Amino acid sequence: MSSDLVIDVRNVSKRFGGLRAVNNCSLSVRRGSITGLIGPNGAGKSTLFNMVAGNITPDEGQVIFDGQDVTGWKPFELFRVGMLRTFQIAHEFGQMTALENLMMVPGDQPGEHLIDTWFRPRLVKSREIEVRKKALDVIDFLKLGHVRDELAGNLSGGQKKLLELGRTMMVDAKVVLLDEVAAGVNKTLLNDLAGNIERMNSELGYTFFVIEHDMDLIGRLCDPVIVMAQGEKIAEGPMAEIRANPAIVEAYFGTPVEVA
Amino acid sequence: MALIELKQVVGGYGGAPILNGVNIAIEKTDIGVIVGPNGAGKSTTLKAIFGLLKVTGGTIDFGGENIANSLPDKLVPKGLSFVPQEKNVFTSMNVEENLEMGAFTRRDDFRQTMNWVYGMFPVLAEKRRQPAGELSGGQRQMVAMGRALMSKPSLLMLDEPSAGLSPRYVIEIFETIQRVNKEGVGILMVEQNARQALAFASKGFVLAQGQNRFTGTGPELIADPEVAKSFLGG
Amino acid sequence: QEAKIGFLADVTGGIAGFAPGMVDGGNLAIANINEQGGILDGQDLTSVVADSGCDAGTAGPAADRLVNAENVLAIFGGFCSGSTIAGANGSAIAGNVVMISPASTAPAVAELEDNDLVFRNVVPDSIQGVKAAELLIAQGVTEVGVTYVNNDYGSGLATAFSDAFAAGGGTVLASVAHEDGKADYRPEIGQIEATGATTLVIYGYENAGGGAILNQAVEAGTFDLFMGGDGMAGDALLATRDAANLEGMILTQAAAAAGPSYDALVALAEAADQDPAATYVTNSYDAVFLLGLAIEKSGSLDRDGISAALREVANAPGETILPGEWSKAKELIAAGTDINYEGASGNIEFDDVGDVAGAINYFVVEGGTVVNKGLID
Amino acid sequence: MLGRGLMLFAAMFVLVVVVGITQGAASLSLILVQATAFALIALGLNIQWGYGGLFNFAIMGFLMVGGASTVFLSYPVNPDFWNSDGPMMLGRALAAFVIGVALVMLARRADRIGIRGKWKTALVVLAWFAGYIIYRTQIDPAAAYIESTAGFVGGLGLHPMLGWAFGGLVSAVIAYFIGKISLGLRTDYLAIATIGISEILRALIKNMDWLTRGTMTVSPMPWPTPLPQALQAQGFSIPDSFVFARLSFLVVAVIVLAVAFVLVQRAYGAPWGRMMRAIRDNHISAGSMGKDVTGRQLELFIFGSVLMGIGGAILSTFTQIFDPSGFQPINHTFMLWVMVIVGGAGNNWGVVLGAFLIYIVWVISDPVAQLIFLNLSALGENLGWGAIPEISSRALQARVFVLGVVITLALRYAPRGLLPEVVRRG
Amino acid sequence: MDELIFFINRVLISGTVLGSIYALGAIGVTLIFGILRFAHFAHGDMMTLGAFISFLLATALAAAGIILPLPMGFVVLPVAMVITAILALGIDKGFYAPLRSRGAKPVTLLIASIGVTLMMQGLIRLVFGTSTQTMYVAGETKDIFRFDMAWAGGSRPISVTEPQLIMFVVTAILVLALHLFLTRSRLGKAMRAMSDNAPLAQVSGINTALVVRVTWIIAGALACVAGTMLALDVALMPDLAFNIVLPIFAAAIVGGLGHTYGAIVGGFLIAFAETLAVFNWTAVLRPLNGILPEGMALPANLALVPTEYKLTVAFVILVVTLLVRPTGIFKGASS
């Protein structure tokens, strides 16, 4: 079935001790959109992402993905049905090279099954060549060519962020959740990245769900933008509308941001 | 005389050098901002000053002596303080204990300083008993900066202090930094929010591949079309 | 070919505590032999030690080194049953090398298909346990608690004791296993106390769990009579304890432990500044001395024939030889007279499978010393 | 890297030759067989730790399981047992066991009939308890009966190599359950939990006399190849019989090792290995990248454990004795870790090298320590200080010391192992 | 009443003794883990070493003719603690520090500590021999205090030995002192900070080398106390503490690694569990025999676990705890 909503979060809550990090929150992401999620620090955005991507289980409520109730699914199961996420604090594979970090992403590689590695080396190899080619393209795009063979643990903060983003380009996912990819990434490169996200969205039909504090980026990419505060959704709409809301401006932007 | 001055600093993590002759000079009244592409060696420069990696060439003058390769426990009492880019809070300790650790080298009463920090970041005062590991990304950044201020440094080094902060806090942090600077603390920071940071920087350094590419005041750099195009995102 | 005896000794591992005494006991025999004219045409008998670690995996290479690299004529050891079996199966049997174990009590040792090469001069647990049970019954004790170390030695003794004690009309109120090396045995003792037993039989090692249990049982103050097996016997028993607390304690030991043989060994050991009463020292001396006699008897530095000669020198009939009487034995062998070695650990008569059926002595702690009460009949 | 590897293997070869010259061919061949078995076990650990970052400290348990399994399959049939009521009673015990398992399974499905939450938990606990009691009522008398009439159940008299395979199989089953229980634990917690589990396994195997003969030990285990005695019967001289018998065993063992090595190496070089390393480095992220972390770790754990079980079976077969009391964490768990870490975790060649090196050092430390001490003592006597008392016993304590020194030195000069894990560049 | 006395003698006292030893050992293990992030396997042998040092000192004192009313092993304890602490520092400098400075992984340090264990075991046996010795070097005997309970209607006394009493007191004092140190002193807090995030602690100006030294001093001194106490209570032998190092680790883990109070709780928990698991409940339930119907007397032995399986009790607890609370009772750290 193909509903219009690819992610539908229904009344989810998550408590940490006494704190309600996410509080009876409902929101949804339209297929084919680039939906932004903004809100003050500690609003519960990452927690919400963690629940959507299966990293933590909600205390209450449901997460519907592509028409299916996926509440309580494990992250790898969600990946298999087409959901991919990045982490706010980079989660690289520190003892593997940057290239390997990308090459491990594609699912259903025949070489990931013992029997195939033993008895079907040719199949494994041909697939491996494809994966490698793809990974090299992504690396070049991210301008990480010179650290391709460096251990990911030794990369600079921003380079790790790029790698995090690069993973999303390794597979054809229905939905990509980006948790603050821009933080720490050089602006010049970020412009290229934004262009790429737009292209993936318009040409390949990816849906993006983006947490960001970089308002330029949100303004450029996202429609609609959802605003969270204290674990709840407080507003949704196009960026211009959000910026016109004085309460949000006060709580979130601090001072009116000049329109770019 | 400059508060801190790096002359032709060369250094790295054991393999090929990452820094190939970095020059930086900051006065007590300065806010210095280092910008540059990812992997340029910005964080490495700060770490080199702070004795966290081996400096193999050049000098680092601070308070009239060469501090290259001194360890942090000698540098903090001398008035240097540093907020790393990642893993910059004690996750199992609560907010208040994090701040106390920042004052570790101080023997005097630091309650005053702590209240000042809480005044700057009211959220932290609310969460003073909460382990820092359970804070949101932005809240952690505040704890980290608060911790560094607790030692009452004369030079505060910050590695991307605004990363992950909501716009409101970015503005606030930058204002705070300027306020701190006015109280007589020299600032040297790395920023990817380059335009915003350079706007109030009295010294700007563009680093690429471990070397100075451009140096000037912040506004000068913003105005330079080449810098803007290649490093500030047009 | 040298006149060399291999010591397959568990110097490291589980019984490291008393292996050195046993090695010394064996070396004492060798020293005695060499002082009194050496072996065959007067050459020195030598020994080489290999560490079997109380573990089959370590014992295999160790025994093999003795058999194939050091080319020993015969092997004294191993001590742990696992070492003996691994050494025998892995190298000694195929290498045609006689082994005498002074301490391996597991029944599996008797079951080896060994071409009559594997012997032991330690009395099997069954006999000692039965005799101990009969002694207690005879003394009018009808209820006991038993604790034993959880290995072949302890469980073998405890089983034999319990069966015989029950058969004799007594009741074993509790039979509790203990593991060596624990910090605390009060719970084990408590289990026994709880059954109301006031006599405690300890089948363990004095310098390990058994000793600790004895201490803690004394502290508990609920037992009025203790009894121990050969693992508990030895001078150290009183050296580190207040004898008054142990007054009346009975110790059984598979040894002549009295009489001319034992006295002879005591004299020899004391001259060499050794403790003859330490665990299995007498057995060790006897085993090595017997190997010397067997080599002498076989008449050549050849592994063949040692097995047959061993039975001849150990078993009756023949002129009695006591520990240390090497020159006498040498003369008699040269004269073609049959000899019969009487060991300090008992009168050694090897049966078909190479085991001995020794007599059991008992000792009682009286007035601050250990008094030998002679054979249990 | 390759150069270093070749150099180290050449050095290893020289060491082997020196041992061969000083100890003779027979001893050397024996050492090599055991070292091969240890290499196989170390390879298993390398899969678990080197690839997967799993702290398995239950190696001893798997060696015992492998040994006990091969006893059951390849030890000669014990007619006393089969002619008694023992099989019947065991059959009943098995039935009781199945009933117990069924009870527990049913209780766990109780939510289907509307029993939930605490009530369900209570029911499950109750089912466990009932199952345990039912099983005990059958197994206790059966065990006592078998121990008194037949000693123990004996074996099935099958070929030893079937026994090895069975050892691997049983290890796999046990690894599955251990993994299910404990793989969710973090690093060091897993280490200590597995130490605990291996102690529990040891206690079971040591005290289930009816099945394993416990402290009484089982021997002689049959060989897959002719024993020296058999060769002697065919007219080989005694020294030759040793060498040839052991060499043929060695060939079999080396084949097993080589097959395992090739399979392991292939898998490691393939995306499978990359995925496992990714899980090791950051399991949260690997999960989000679509890898079934728990499932894969279980797979890895079982794979490694199978090699350990087979290795344990080979060791027991070769020494011809299964002695549960002889297993010690220090010799059978930590020594393996030392082999892997010193050799180079994550590098199969390194691990094999480490296994051979450490095992050979351990074996020859015995004569070497004695030699050194004898010379010291002689020197002392010449200088008039007198000989060292209890010399050989003390010297052998130094053996343990020497092993310790080798470990610390090796780590000091090669903290990532002699042949470290290779970073796959380019 | 007798039943209660029996319970006190066999469970309370026994569990407390064992718990004190486990706790003292586990504190050291947990501190080292917290600061240096590795499981220090040689800790058991450090305890043994401490006991032998006390033994040596006590022998020397006794030889000098000094006899005091307290056990000599206890009298020399402060000096022995200092020596053991120095040795612990030496071990760190010689074996662990070089590895750390090369950025070795925790497991490498763990394996190095196995190497150190082997070296210490070899050395201890080489120097002191393999036999069992007594800490009562001057021919003193262990005082046993029997508290007569006749006034409360008991026919048996409650009995405690002198070393046990000393142990209770010493453990309590040390634990309290450690608590004050960790929570009140600057260095104590620095230790916690470093166990949390060592690089950041360094950046904050904490002298990390000093913290490491203090950790070893505390761990070494406590190991010495635990070893000496154990030797006083039972006997002195070369494998004194190696055999209990696994339960000690279990205690540290059950409590939550890196957590000092957890280690104490874990130590007592494991000790009491071991004690209770093999405790014969018939002893306290016997009065029920009067109530039970004819022919339904309690069995003579009503213990939960046969003693053959006593060793496993600690581990069963460990595994169960970890399943229910994967990071220990207190939330522990991980390497």
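Order of writing sets the labels: A, B, C, D and E. Residues in every chain begin at 1.
Here, contacts are C-beta pairs under 8 Å (C-beta built on N, C-alpha and C of every residue); 3 or more make two chains touch, one makes a residue touch a chain.
No experiment lies behind these values; they were computed from the predicted model shown.
Enquirer: Just to be sure I understand: going only through chains that touch, what's the smallest number of steps from chain A to chain D?
Expert: The distance in steps between these two chains is 1.
Enquirer: Touching both chain B and chain C, which chains are there?
Expert: Both-contact set = E.
Enquirer: Please indicate which chain is farthest from chain E, where distance is taken between mean Cα coordinates of the chains.
Expert: Using the mean of the C-alpha atoms as each chain's centre, the farthest one from chain E is A.
Enquirer: Hey, which pair has more contacts between C-betas, C-D or A-B?
Expert: Spelling it out, more C-beta pairs touch across C-D than across the other pair.
Enquirer: Counting only C-alpha atoms to place each centre, which chain is farthest from chain D?
Expert: Most distant chain from chain D: B.
Enquirer: For chain A versus chain E, what separation do you get between their C-alpha means, in angstrom?
Expert: 49
Enquirer: Cα centroid separation between chain B and chain E, in whole Å?
Expert: Computed from C-alpha means, the inter-chain centre distance equals 46 Å.
Enquirer: At what distance in angstrom does the C-alpha mean of chain E lie from that of chain D?
Expert: Centre-to-centre distance between chain D and chain E: 30 Å.
Enquirer: Could you work out how far the Cα centre of chain C sits from that of chain E, in whole Å?
Expert: Once rounded, the distance between the two centres reads 35 Å.
Enquirer: Identify all positions of chain D at which a residue touches two or more other chains, and write them in rising order.
Expert: Residues 206-207, 390, 393-394, 397, 399-400.
Enquirer: Scan chain C for residues touching two or more other chains and write them down.
Expert: Correct list: 16, 19-20, 150.
Enquirer: What positions in chain E touch 2 or more of the other chains?
Expert: As it turns out, chain E has residues touching two or more other chains at 125, 129-130, 306, 308, 311.
Enquirer: Which chain pairs here would you call touching?
Expert: A-B, A-D, B-E, C-D, C-E, D-E
Enquirer: Which residues of chain E touch chain B once you look at their complex with the stated criterion?
Expert: That would be residues 186, 189-190, 192-193, 195-197, 199-208, 333 of chain E.
Enquirer: Mind listing the chain A positions that touch chain D in their complex?
Expert: For chain A paired with chain D, touching residues are 53-55, 74-76, 79-80, 84-85, 87, 91-97, 100-101, 103-105, 107, 109, 111-114, 116-118, 121, 124, 128, 131, 149, 151, 167.
Enquirer: Show me the residue ranges of chain B that touch chain A in the complex, using the header's touch definition.
Expert: 13, 36-40, 42-44, 85-86, 123, 134-139, 141, 159-160, 163-172, 192, 194-195, 229-234
Enquirer: Could you pull out which chain C residues touch chain D in their complex?
Expert: 7, 9, 11-14, 16, 19-20, 23-24, 49-51, 53-62, 64-65, 67-69, 80-82, 85-86, 89-91, 93-96, 106-108, 112-113, 150-152, 155
Enquirer: Contact residues on chain D for chain A in the complex?
Expert: 263, 266-267, 269-272, 274-275, 277-278, 280-282, 284-293, 299, 303, 421, 423-426
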